[in-house]
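You will see two complexes here that share chain A, one where it goes with chain B and one where it goes with chain C.
Let's look at the complex of A and B:
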């Protein structure tokens, strides 16, 4: 157990180091002057230039610069946004939870709708119900996410007018970002009508969640169905049946767990797609998450924001992926103890 | 009346535009209290018969049979529920491949306890029942010769050596105290001492509990010493069937004779270092089966009549499928 944890720990740290190196090198890859990109200040004369160079360690070798970057990241000094002048850590600290919240609900939707549907389709494999579910999921899966989001806006916001067009919560509610998760913050907020606030927040959440969740749900259905069909034809299921074990017991004791095991690693892959989709949908719904924040940074050529933002998003993805894999390793007895960790 | 009675069991699979007949009118009976051996080369369809009996055939096979009955009840027309009851209480199977027949994500103990019929478990509260289940599991495991029950009951299938897996499958079959045990190659690859242990266990259960056994194996020597009767299969056709001692003394079918001759320990008169007599060629593949008697191309006694399928013939309870059996010497 300790060994598994330490393996995953080492993998995690190494991956982060590589990512940090990549984000560090971005400064040199952006077009234009390195110093200007990094500081946003156009030096008026050589003396000022010298001073800035020294302040940002640009006069030193790359390796020293990198360790300076790393240590300031670790100390919580992530630099300042060129556009707003605010500390990046604060900005990301507000934008990131909004994205995580949206993705989490979409993932929950995929888990609680996709997996049961997949089990049902798999158990009834090659029946009409199964074909219907499968066809629907393939169709949904093939939708481009932005198109789906636009259709939802067109239909529910503009046509039926039952859901708001954009944003996270109506400005009438004065909610301080404590955790960054709007549903939790409403609970913590004082002096507002909680019921109304929840209704408003959920109506804001519904469309983007569905837009992101639909595609992940569809692929969850397909993965689960495939896995269940695979498991119910295994010899041990046949053997259990020939011992007279009832169908219910076979499902709960043998099919359920064995079909779930191959789903988990595939879920880790889904996380990447999910967060990418979330970032696309955010911009369409003006959801104040990391996706729309990064798009803004690109428009404004806010290079410090871009490089830290990119690092933050990839750290999130890597963390989730490794956690799912670790969880899978812990619950799956047949995976060898000394198998190597992978991303 | 035989306990298990199968008549003219045929299994077909559609493969493109041809139908493959993997089993062609197979007859098999197991009487109460006997050990019946089912022998045949690899690929002759032994495991298919076993799957057909327990209703575990993959869906691509089309099965037809004139009769397939268990204690006089027709297995083919039974409801799903009745069939499951028969499999749960009366018939137990040890499949050929123990490692894939065990759920990789559950411990051996869990899987063994699951096979214990509820009627056997005493106790009112669930913990009493769980304890009793555990006791039954441990004693069954001891019976098949696994001593470290603590270690193996908590192990997962990938953590155990294959002979323990085989013994475990036998334990799972025996725990429901069946009337008929179907064992498909249960001793394959076992060490001689372990094998003797298992064969002794089977013989003892047969004598003390009058457990009937259908024993599927390649191991002629083991079979000959323990079983009462034998059915010989060749390329999906039954060739000969009868009491062990009759067949051993005087086989009627050319294939049975060749099979017995190829096992040197059956022949006391064999001069040292002489070549063993065998049939030329090898067992045909399912795609290229000869018509009529499937032994035809390899048979030293084959004649023109052999292109039509020989019907079953009887001498008392000894049956054979051959136009020119060995006791008719008018070739």
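Let's look at the complex of A and C:
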């Protein structure tokens, strides 16, 4: 156990170190001034420039610069945005939770809709119901996410006018971003009608969540179905059935858990896709998350923001992936024996 | 299985909770208490003295501040605002303003005023841009483009306090457009008390970022690229009913602004694109207001670069293009053809002014006489952004390029991002440029002086880099003439002079559009500058 934990810990730290090194190299690879790319501060004169160069160790060898960069990242000093002049940590602190929130709801949708449907299709495998579910999920899965989002906007927002098309909540609600999660921030906000605000926020959430969740749901259905079909043809199921165990008992005692185990590692892969999709959908729904924030940074050539934004997103993805993986190992010790053979 | 009923029960409970939490009426009242305006970009500052871009004035002038005087939006006449009356001496050099006594400044989380608006605030506001020795002059950059382009600071001898509510301004020379300048979006009244307080705290920069004014709305907060939030100024001196909240939803994409207007996420939007006007007209829930705008789109030649210093060359190039085609292709019938710099909305508009005509034969002949060989190359700079006076400069540049090819001139099109573009223009790196001007008041001086006078070259509004003493003398003479009819005649001479020397080719005066939802009441287009939301409300 401790061995697993420490192995994952080392893997995590090494990956982050490589990522940090890549983000540091961007300082030199981006066009423009190295000092500005690193700090986001535009020096007013030569004297100030030299002082800043010294302060950020830019007059010393690369390796010293890198370790200074690393330590300031750890201390929370991420530099400033060239476009807004605000500390990047603050900006990402507002944008990142918005993306996490959206992805989380989409993931929940995928779990609560995709897995039951997958079980159902798997149990009824090769029936008409199964074929229908399967066909639907393949169709959904093959939609490009931005197209789906646009269709949803066109139909539900512009045509039927039942859902808003941009933002997290009507701007008429004055909600201070405390945690960055809009549903929690509504709870913390004072002097507003909470019921009304929740309804407004949920109507804003609906379309982007569906747009992102649909594709993950579809792949969840397919993964679960495959796994269930695998399990119900195992000898122990056949044996149980021959002993006269009822179908319900077979399902709850044997199929449910055994089919779930192979799904979990695949979920880790889904997380990456999910966050990428979330970043695309954000820009379409003007959702103030990290995706639209990075797009803005690209338009405005805000190199410090791009550098830290890339690091923040990849850290998030890696953390989640490793956590799911670790969780798998812990609940499924049978994987231990494959460990040295797989990557 | 009991799963289904359980699920339905839970679902119903949640829905009932959500619905019961607010009756339909509360909901209506809430959504009607605030206005959402989809604006097109981020303001540079919240003080319009510092920036002439319409984004900045839209976000500040009429919402946060008041001016001493205002324009009547219908007649264009100057009307009292927080100066209740004024007096001009017989020699036209002394202006005395009587101020209202009941004008309160905003009370916000960052400042609590202890007194009402008075003469000290007028002196503070004017001296800030007028005197380089003023403690706030160099705060936030120290450039006051509007006042600089008119040379206003040099013409004011003194601004004096007569008593707490009476101010006297002495001019050095007569200036018949002086009152009009005090009524523009840029002549806002700041709080002297707030300025003092910030100086004591050592944070003078905050005056333009956390504004305090006397306008119908007070500043609450601003998040770049997202929103600006205002609240009603509860003790506003004016009588109109103002919305409780005003929010600017910053949406750079024009199509998205239109979409938000359709779904009701915005109540009004800025600058609908010309191509979207039909969609707005065809919908019952949207209204499109249009007024001939106080603007002019033109093609200016850099008259300091040969061969464009030769009026014949400029006339030849003007004769090479067909303005009517440009109007149809670029403005889609949302503009009128410009003969002079002045649009019809100005009182000095001259209906029978001379205009250039499409005549490629004449163009070729003039070029030949001027010694410009066929195959001559030049640049056309096309501004990179959309403005009412030129919604698509790149397209216009391409059309002009084709016309010029017919007369043997090879044109290349140049564009940069907006900030670089303006900087290079000011440095005079262009041969010719497609750009324009939105005026701030209906006074003709507001067109002629910033666009072509010698003094406007350094302040960066004279894109033709043209300096002509006859022209400047005529403009000065017009300013010293109080009689409108006599002034009108002088401007006709000016038009004649411009037609002969042609430093720029006026192309179009665009209409001004504003799209809003039909439940908005009291929304009018302000032809003289920025949008205003005072007195605008939603019907239930």
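We adopt the following convention: the second predicted complex is superposed on the first by the 316 of 343 C-alpha atoms of A that agree within 3 Å, B and C clash if a C-alpha of one lies under 4 Å from a C-alpha of the other, contacts with A are read in each partner's own complex, and residues count from 1 in each chain.
By definition in this document, a contact is a pair of C-beta atoms (placed from the backbone, for glycine too) under 8 Å apart; a residue touches a chain by one contact, two chains touch by 3 or more.
Owing to the predicted nature of the structure, the values given are computational and were not obtained by experimental measurement.
Q: Which term applies to chain B and chain C once both are placed on chain A by superposition, clash or fit?
A: Taken together on chain A, chain C would fit alongside chain B, as the superposition shows.
Q: Figure out whether A:253 sits in contact with chain B (first) or chain C (second), or with both, or with neither.
A: Touch partner of A:253: chain B, not chain C.
Q: Once the shared chain is lined up, is A:89 touching chain B (first), chain C (second), both, or neither of them?
A: Once the two structures are laid over each other on A, A:89 reaches no partner at all.
Q: Give one of first, second, both or neither to describe whether A:57 is in contact with chain B, with chain C, with both, or with none.
A: neither
Q: Based on the superposed arrangement, let me know which partner A:157 touches: chain B (first), chain C (second), both, or neither?
A: Second partner only.
Q: A:194 in the overlay: touching chain B, chain C, both, or neither? Say first, second, both or neither.
A: Touch partner of A:194: chain C, not chain B.
Q: Let me test your reading of the model: by the given contact rule, A:171 touches which partner, first (chain B), second (chain C), both or neither?
A: Second partner only.
Q: Anyone got the angle at chain A's C-alpha centre between chain B and chain C, nearest 10 degrees?
A: 160
Q: Tell me, in angstrom, the smallest C-alpha to C-alpha distance between chain B and chain C in the overlaid model?
A: 20
Q: Which positions of chain A touch chain B when the two form their complex?
A: 233-236, 238-246, 249, 253-254, 257-258, 261, 332-334
Q: For chain C, which residues count as touching chain A in their complex?
A: Its residues touching chain A are 17-22, 26-27, 30-31, 33-34, 36, 220, 224-227, 229, 245, 247, 249, 251, 256, 259-260, 262-265.
Q: Considering the complex alone, what residue numbers of chain B touch chain A?
A: Going through chain B, the ones touching chain A are 51, 54-56, 58, 84-89, 92-93, 95, 97, 100-106, 110-111, 114-115, 156-158, 172-173, 176.
Q: Spell out the part of chain A that touches chain C in their complex, as residue ranges.
A: Residue list for chain A touching chain C: 83-84, 86, 153, 157-158, 161, 164-167, 170-172, 174, 193-196, 198-199, 202, 286, 288, 296.
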